Amino acid sequence: MTEKARKQTESPAQDADPLIDVRGLGMSFPVRNSASLPWETPPVVRAVNNVSMAIRANEIFGLAGESGCGKSTVARLVMGLIDPTEGEIRFRSRPIQDYSASEIRPRVQMVFQDPYTSLNPRRTIGRIVGDPLIIHTGMNASQRRERVMQVLNRVGLADYHYDRYPHEFSGGQRQRIAIARALILDPEFLVLDEPTSALDVSVQAVILNMILELQAEMQLGCLFITHDLNLMRFLAHRTGVMYLGQMVEVGPTQDLFDDPLHPYTRALIDATPQPDPDRVNAQVPLEGEIPSNINRPTGCAFASRCPVRIDGTCERVEPELKPVGSRLVACHLHHPAEAST
Amino acid sequence: MTGRTRTLAVIATRLVNAVIVLLVLSLIIFAFMRAIPGDPVLNLLGEEETTQAQYDALRIQLGLDQPFYVQYWNWFSRVLQGDFGQSLQTNEPVLPVIWEKLKATIELAIFAVILGTIIGVTAGTISAVKRDSIFDSAAMLVSLMGISMPVFWMGILLIIVFSVGLDILPVSGMISFSTIITPVTGFPLLDAVLTGNWAGVKDLLSHLVLPAITLGLTPAALIARTTRASMLEVINEDYVKAGLARGLTFNQTLWRHVMRNAMIPVVTVIGLEIGVYLGGSIVTETVFSWPGLGRYMIDAIYANDYPVVQGAVLIYASIVVLVSLIVDLTYSALDPRVKI
Amino acid sequence: MEPLLEVRDLKINFYTYRGVVKALEGVRFSIGQGESVGLVGETGCGKSVTARAIMGFVEPPGKIESGEILLEKDDLLKYSERDMRKIRGRKISFIFQEPKKALDPTATVGNQLMEAATVARGMDRAAAQALALETLEQVGLGDAQRVMQSYSFELSGGMAQRVMIAMGMVGGSRLMIADEPTSALDVSIQAQILRLLGEIRSKQNSSLLLITHDLGVAAENCDRIIVMYAGRIVESGPVREIFREPAHPYTVKLLNALPAPGKTRLEAIPGMVPDLVDPPAGCRFSNRCDRASEACSKLPPLAQIGPDHAVACIHPMRVPAKAET
């Protein structure tokens, strides 16, 4: 597969029938602590705020952002592990809530960040990978065993690993097991939440190669979540950047990295270190901290740190995610008409 | 809400919870007392020959003929007014007697808590710092024995060794007949100190030492183990390394940064042990003939003296609830992350 | 240039129940005054152990078997714990990976900062407080008074790391050892902290030993790079040569494994890091190296292949690696 084929530029406006369609997604949590009094209304965290995106079959959609941006909450929402407080998620044009667990689970699967806690230490690899077959298929024991072996081999593990326990494996091997478990039911959509952030560079390389191969081979739609922009640039066809619960920019990865439109996207790209001693990074790093999103006021979430803020507008009016060329951007700089309202 | 009013509001909420706990508890005790075998009326009538009429009259006089809920309400409404009723045995009002006996129990318990905490924390700390040393192994062995040994057995052992064998400490009681303490507060040891009666102090302490050790040793063992585990955990924290990295000695780091953090779980254990102390005090008082609330209550249970037992258990429960609240407040003093 | 710190043939073993872990062997490097040296490698390569050894933080079951750690020509390994106190904080400071865990949760920032001045350097309280406030402002914590009264749980990771940097400055140290100082931080905060470290270094002409697994961080912030693998230094040299003309096959493979635009596949390194209880004889990378030969079973010395560029390999690659960016 060529570079060009993978990163073909497509306009998000032409999404006829996306695999996953997220519209106006919002998720608020109340935060209670031990010192809350029973009659007080707890403060609310808006972990995800008005997020929209579409992920097609046979595409890797990358979701990037720093801590607290809501990317992991989006993953849990898309998986149907929690119910959104606002908005809608459609899987193959049908609201995800309308699917029963037994309908959706074989089709939508997830690989978690920490391979040391996501595998039950008391079960053998064969059982960890094979259990979904018991629940979702009518296979008998020998058919299941055969299928598990097949998938284990596909992720680079051998037959003799079948009866071993997770503690006998390295981090990279565990992540292979987690991927095997996610693929055993032949899903259409896979959520990968920072699957390599606990791994060393050389191990990460192996796992990423494997994910790319499997994705192409199985025509998977993937939601790939990471804080590492270098990773995103390498493997995502399209990328969304989130900040404090909001989607600030979405577009084809190449376009987004070559010419970031949102000031936050640009700052994030500039701040990401490159293995190049001659890279001149004259850009002053973003000042200040990521603010708390507990009871956050309206306006652009990035306004407090934005180097090109339009005073009087950005901190008051929440910018909408609107098309600019091949991309969607939520920034008043790119939608001047909106700023005057 | 500002910090101070907020703190008060949280404490008030906790107190309301405490009252609910005590209310439920009072009902349970009341029911249990009536469920256990024995009849207070028969106890009162004693060995003399009596008629059914006499029995019925006494029963009506004591109000024991009424339905359960009426009895409970009669008792409880008076408790709310500070009247715990009269002892069926002696006819004395219950509360003043409980208060008198409680003083002796408090004196014993406070000494035991102090002794237990000092021994436990010291042994635990040394064990942690000198990990795997002979002291560590010995202390942990002794503490295991301390946890496993029943309180009464410990008391009897101590009496055999120190009172009977070595004859250096009195066998039982709180005070010698010949010693006279001028009452000021009603707490004998405190009064003796206040009036400068040093002979009295010596006599009281010699009586106090064995029961206090008996009562304090089991909790001390648990405190020692908790302290050790907690210290070992804290010593491995980065901020302890960071203390060394900025030029502090190990001992400075220990005092300035390890101790306070390591004490947080220990305070929890001490708080939980209060119930153990009070339970243990009942046994200890019996073994050492200590004139405290525990022994008084045991006697009352044998005599089916309902008001006394109800009152005493309610007081014990109140103390436990109150101490738990104090422990929670101590947390917020020790740990700035805990806001009350 | 006279080196500020020189590590010579450091060897550290860990005596575990599985056997003797040969965690560090033949490690030698130096750091000049005002220099920034990056110690890079993957998990278990020994970079953190090296840093801790310099601070005198190797505890049982770890044991320093041999070697020298010379700070201004004095061997720190011969120092008593008492003497090390005068080095820690005053001459060498240490920055931790998780800044919020490096601060006592029950003591205020001010308490700990002033401690570095009063207890360790014998200043009086007033002078210590003034110094602490001034230093906090220098590390970009404007509201210094309030920060002094804060506890670690009230600070963000970035603020806590600034406090830790201030801690080293209060002690007056000239060498800062930073063990993955930004791995726990967000990218935008990482950029701030790295910039701050650079500014302080150039202002004070102090030195930095930066331990990191992130080759990008090392490339952008160090003058010289030391690459470690399985307890040994495999290559060391000026940052440009390491990234442009890496000579050790491991360095080359590590760079090729990094995701970068334009690549469709990442080069994977076959096999696994050896168990250091029983490492391969000779070159420890030989069992994963496609250039390995019979000769690799003998230990290759760290040989100079250019001014200040050394490699421990019998078959070094002298060809420039493919450009990454």
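By letter and in written order, the chains are A, B and C; residue numbering begins at 1 in each of them.
Criterion: contacts are C-beta pairs under 8 Å (C-beta built on N, C-alpha and C of every residue); 3 or more make two chains touch, one makes a residue touch a chain.
Keep in mind the model is a prediction, meaning the values are calculated, not measured.
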* Can you name the chain that lies farthest from chain A, using the mean of each chain's Cα atoms as its centre? -> B
* Chain pair with more C-beta contacts, B-C versus A-C -> A-C
* Which whole number of Å gives the spacing of the CA centres of chain B and chain C? -> 54
* Structure fact -> The distance between the C-alpha centres of chain A and chain C, rounded to whole Å, is 32
* Structure fact -> Seen from chain C, its contact residues with chain B in the complex are 55, 57, 81-82, 85-86, 88-90, 93-94, 96, 98, 101-107, 112, 115-116, 119-121, 151, 153, 164, 167-168, 170-171
* In the complex of these two chains, what residues of chain C are touching chain A? -> 42-43, 156, 158-159, 186-192, 194-195, 213-217, 219-221, 239-240, 243-244, 253-255, 257-269, 272, 324-325
* **Of all residues in chain A, those that touch chain B in their complex** => 33-35, 37-38
* Asked: In the complex of these two chains, what residues of chain A are touching chain C?
  -> 1-3, 6, 66-67, 170, 200-202, 204-206, 208-209, 212, 227-231, 233-235, 257, 267-268, 270-279, 281, 285-287, 289-290
* chain B - residues contacting chain A, complex -> 6, 9-10, 13, 338-340
